[in-house]
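Chains here go by letter, A, B, C and D, matching the order in which they are written, and residues are numbered from 1 within each.
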Amino acid sequence: MESISIGTMFWMTVAAFLTFCIFSFLYRDNPFYRFAEHLVVGISAGYWIAILYHTSLTDLWIDPLFASVTAFGNAEGSVAGKIGMLMVNILPGAIGLLMFSRFFKKTSWVSRWPIAYYLGVSAGVALPLYLQGFVIRQVAANMMDPRSIFGMIFAGGGAANFFQGIGEIIIIIGSICGLAYFYFSAEHKGIFGGAAKLGIWILMIGFGATFGYTVMARISLLIGRLNYLIEWVGALSGFFGS
Amino acid sequence: MKNNIWDRLMNLDRRWVYLVIGLVTFLPILVMVDMPVQITSEVKSVFDRVETLPEGTVIMIPMEYSPDTMAELQPMARAVLRHCFSRGLKVISTALQIQGVLLIEQDLRTIADEYDKVYGEDYVFLGYKPYPDIVILNMGENFRKPFPLDYYNNELDDLSMMAGVSNYSSVACIVNINATSGVDSWINYANGRYGVDLALGVTAVIATDYYAFLQSGQIFGLMGGLKGAAEYERLIGRKGVANKAMTSVSVAHVFIILFIIIGNVAFFASGRGNRA
Amino acid sequence: MRREVPLTIVFVCGAFMAFQYFVPHHVSATIYQYALNWTIIIGIFTLAVGIGSLINLHYDRISKRKERWQYSVVTLAALAYMTTLGLLSPNALQDPKSLLMTMYFYVLSPVQATMFALLAFFIASAAYRAFRAKTLLATLLMLSAVIVMLGRVPIGDMLTGWLPEGMRFSDIARYILDYPNTAAKRAIYIGVGLGVGVTALKIILGIERTWLGGGK
Amino acid sequence: MRVAPQIPKAACFLFFIAVTAAQQPSGESVDSAPVTPETTSLYGDLAPGSPEGVTAEDQPNDPGSAIIVRWNLAPGDNDKDSLVSGYLVYRSESTDGDFALISSLPTGSTEFTDSGDHLINGNRYFYKVASVYPADTLFSAVSDAAVPRPQFFHTRRLMVFIFMLLFSGTTVAFIIQAKKGRKLYVRPIAGINAVDDAIGRATEMGKPILFVPGLGDASKVATIAAFTILARVAKKVAEYQTRIIVPNYDPVVMTICQEVVKEAYSSAGRPDAFDPKDVYFVTQDQFPYTAAVNGTMLRERPATNFYMGMFYAESLILAETGFVSGSIQIAGTDQLIQIPFFVVACDYTLMGEELYAASAYLSQEPQQLGTLKAQDWGKVAAVALMIAGIIVYLLSTGGGNSFTTWVMGG
């Protein structure tokens, strides 16, 4: 087996050390955890600066801005079009710069303009998108042919068909009752209260299922970390053994 | 207040729970306890394809996983690589997700060393290039287009294995081990556009989304998460990390359920259940 | 000025984007693309404000020698180091062997993965503490979780292997995931969709203005 | 590089050559005269033929610059015979002009979308499709002229458009009614009442309150709802003279949280008590952020933790650590997968829609409460639409299918 370079061994040990630091948190807060926590906050903030600078800022702003400036040296195209393009590329930067008004107490209210733009665009995009994806699509998914459902239940197509038919009824009734649970305009009383109660039962069964479903993936992650530590021990003994 | 065993169990320090979970996950990794794992046809068909390729055939195993997804996909990648190397197949690999390149390079090298494979003769690692869609498309024309040099800065033509290997038409099939949404690019471009036979290894959670491609014949095999890896390990007769993990996972589940039962017994035995 | 301008911006941008969804024309599509890009660019400028806040907080701890100020030195040093690595090298992100990526690989990602792995412990302790059959609701939550857990691992089917196919833990788990779970999801999705809709409208119409803070 | 349409399956060598040819930017012009097959025996009894019924038309509901070409399968393109090895699509700007090869498609294809800036809106385009046989390539007749155009209204989104207008109208109507002073009944919600209690508890204990606005950026409506809850919490905190700590994941969220908390302090008459360093940015990275918030919980020992907004896998890490530090915990998220973990580990959880309701509740403005009524009417409308769909199915299965497709939209 090829021996591991001293550099790789060093970095592997750093990674193993940090793994132990984080695991130590399970016992209690301690200096090792605090060290790892503070280290990784700085590292990740710096990493994101690099990512955003190299990807978003250059691709979306700096490069197009330069292109629109150099376009003036080009004979093709109308001057008005070029000025328009330049404005389109200058403006977001200018709006972004308004954020820096926060650094001064007197002007900090100016920073609400970019925030207003940000929230306005976000809310406008979200409104039809959520109504479509979360409301209309889900409603349409509940439009099932009752004849095929009853066919599955009563036509004697075997247990599998029977339970599938029942399941589809559970979906329709369950989701309507779930909505009843969230209904704010009436108290949970009478028939309506019964529906709301059935609704919260269905919600709880669904939550339990989601919980149970993720356990395996979480244990897999722990196994992944433990395997890394075992590998590191192996590499370490190989490194000092050779 | 009576301080009997039930009360103490009710207020058990959480660290005991942590310790038990840690131990029951860790011990099966050290000691092999066999758990029956059923072999599914979609994993078997990947194995069968690799098993029937003649010695010396070139196979492509692109790998896209990173430290946060390696727990599920690394055992699978290793099992497939072991199978290929043990059968004397030649392997071309890429890593089109930047976060995983170092990891994948290590994995490939480690497994190749196990079988005394020589770089350039038995396997080639092309490494990383940004914009996976375009890289996948360009490799369909020629590997040398996106990768004039391999990961170690060798000219591809200087590597004896690459002689006569121009593009996907020179490889028998692709087994893509992928934790990213880039899976779709391999399906659409490598298989869809260039018609290479493609099999996938993906994480357990997203595996359910890809059964449709299996049925439509766009992929010839599918491995999902640790379970898929465990099956593959069994097929090559070398039960390793994934099979141990299956035991860990099973035992950990049992213990979590035991904890729930103990918690409930304590709850009712301590008399709090009656008051509630 | 301080309130009217932002409220006008919110209304104009919000109403435009909401109606844009229904207009496939390329002019509308282009404006949409620019509008989204601009939010990203503004976000990057704001990151500078965020980093300023981070530096300010830790610098304050150090300069005032607050409790555990030494750790703040670690944060600021790491930040400076990583930023330098990232900004000085033009292709640090394209080169897997760069020091920036090495730091990512051996420092950042082990911590991320280990934090994530803590969940294995927390999921167990939470289950132990909270899954108690105190009420009908708690019992339903617990039973459904236990059945799905058993249905996901080989041992569940070992326990129920003697039952006919369709009655084993994995089958029941599948059934719970396919039907009651879908019903629950659907109810929540529809509610969330309406909640988001109303909140977005309140923002656009200027009824919801907590984000404006105070001032005249 | 132009991205190819999804092609399901193809492995033919001929096809491969064709693809390579298609990538020549100029595109070769081809002779349009049909080739007479010389070696008919090659195909058995079957006579090879060109694709019939070639149509080309503007793609609907698009920004423009796209045309859909459709044709029927050529003879022998089926599982039994599988004689055809692919199709070639050609385009020209006049019926008798040069037809350039623009794409090659595998067997079984009956459709191709030609799109991109090379199609000028308003111009006329003509298409021809050829079927490729082992020894022959047979050309279809030229299609009718197709004119790419952009559309001004997306017809498949009509249902959403109607729903959005009705829903917005209802919301505005309720707001106006509430402004006029009409009393609107809204039932109490347990989790929301708990918010006030928890703040009271924190002040009694003299400990700080931790408010985690989640991992969403400010464009997420759940995060926006969290701002309103933060405003309420911060105001109480300012009144009771305790401290509020808000660690942030997103810098835009941080600036808004600062504004919100600052305003709460000044409206409580204590503007000087606000310390901007208590509303701070950590890092825009899930687990480092979680690590830092965990540390804060164990060191500051807050009396109450609020988790409001978007949460992912870190939900349980935060909530379990908060439990260990002995805090009362109130969560609210619309992230379906994380709700169970909050339900299990927190004292109160605002599930999904309740998060949005809470922001209206806590503001205590009548017009905000009015919007809750609109949400309820939305639910009634949703259930009514569901039932309508089921009734249409009872009338006719085909009608049900097309109604569902229409509602679903695109």
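Here, contacts are C-beta pairs under 8 Å (C-beta built on N, C-alpha and C of every residue); 3 or more make two chains touch, one makes a residue touch a chain.
Please read these numbers as outputs of a predicted model, since none were measured by experiment.
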The chain whose C-alpha centroid lies farthest from that of chain D is chain B
Name whichever of A-D and A-C has more C-beta pairs touching across its two chains. A-C
Taking the mean of the C-alpha atoms as each chain's centre, how many Å separate chain A from chain C? 4
Whole-Å gap between the CA centroids of chain B and chain D: 29
Nearest whole angstrom, what separates the Cα centre of chain A from the Cα centre of chain D? 13
CA centre of chain C versus CA centre of chain D: separation in Å? 15
Tell me, which residues of chain A touch at least two other chains? 22, 25-26, 34, 36-38, 40-41, 43-45, 47-48, 99, 102, 112, 115, 118-119, 121-123, 125-128, 130-132, 135, 138-139, 142, 172, 176, 179, 182, 203, 207-208, 210-211, 214-216, 219, 221-222, 224-225
Check each residue of chain C and list the ones that touch at least two other chains. 18, 21-22, 39, 42-43, 46-49, 51, 54, 68, 93, 102, 104-105, 108-113, 115-116, 118-121, 123, 125, 127, 129, 131, 141-142, 146, 149, 152-153, 185, 188-192, 194, 196-197, 199-201, 203, 211-213, 215
List, in ascending order, every residue of chain D touching at least 2 other chains. 157, 160-161, 164, 167, 219, 221, 224, 252, 255-256, 259, 282-285, 287-288, 291, 299, 336, 339-341, 343-344, 351-353, 357, 372, 375, 378-379, 382
Which stretch or stretches of chain B touch chain C in the complex? 12, 14, 17-18, 20-22, 25, 35-38, 66-68, 70-71, 95, 98-99, 101-103, 105, 127-128, 130, 246, 249-257, 259-260, 262-264, 267-268, 273, 276
Can you name the residues of chain C that touch chain B in the complex? 93-94, 96-97, 101-102, 104-105, 109-110, 112-113, 116, 120-121, 123-125, 127-129, 131-135, 142, 146, 149-150, 152-156, 158
Residues of chain C touching chain D in their complex? 18, 21-29, 39, 42-43, 46-51, 53-54, 56-57, 60, 68, 108, 111-112, 115-116, 118-119, 122-123, 125-127, 129-131, 141, 185, 188-192, 194-203, 205, 207-208, 210-215
Chain C contact footprint on chain A (complex, rising order): 11-12, 14-16, 18-19, 21-23, 25-26, 34-57, 60-61, 88, 91-93, 95-97, 99-100, 102-103, 109, 112-135, 138-139, 141-142, 159-160, 163, 166-168, 170-179, 181-182, 199-216, 218-219, 221-222, 224-225, 228
Note which residues of chain D are touching chain C in the complex, please. 61-65, 121, 150-154, 157, 160-161, 164, 167-168, 171-172, 175, 217, 219, 221-222, 224-225, 227-228, 230-231, 248, 250-252, 254-256, 259-260, 262-263, 266-267, 276-277, 280-288, 290-291, 299, 313-314, 316-317, 319-320, 323, 334, 336, 339-341, 343-345, 351-353, 355-357, 359, 363, 367-368, 371-372, 374-375, 378-379, 382
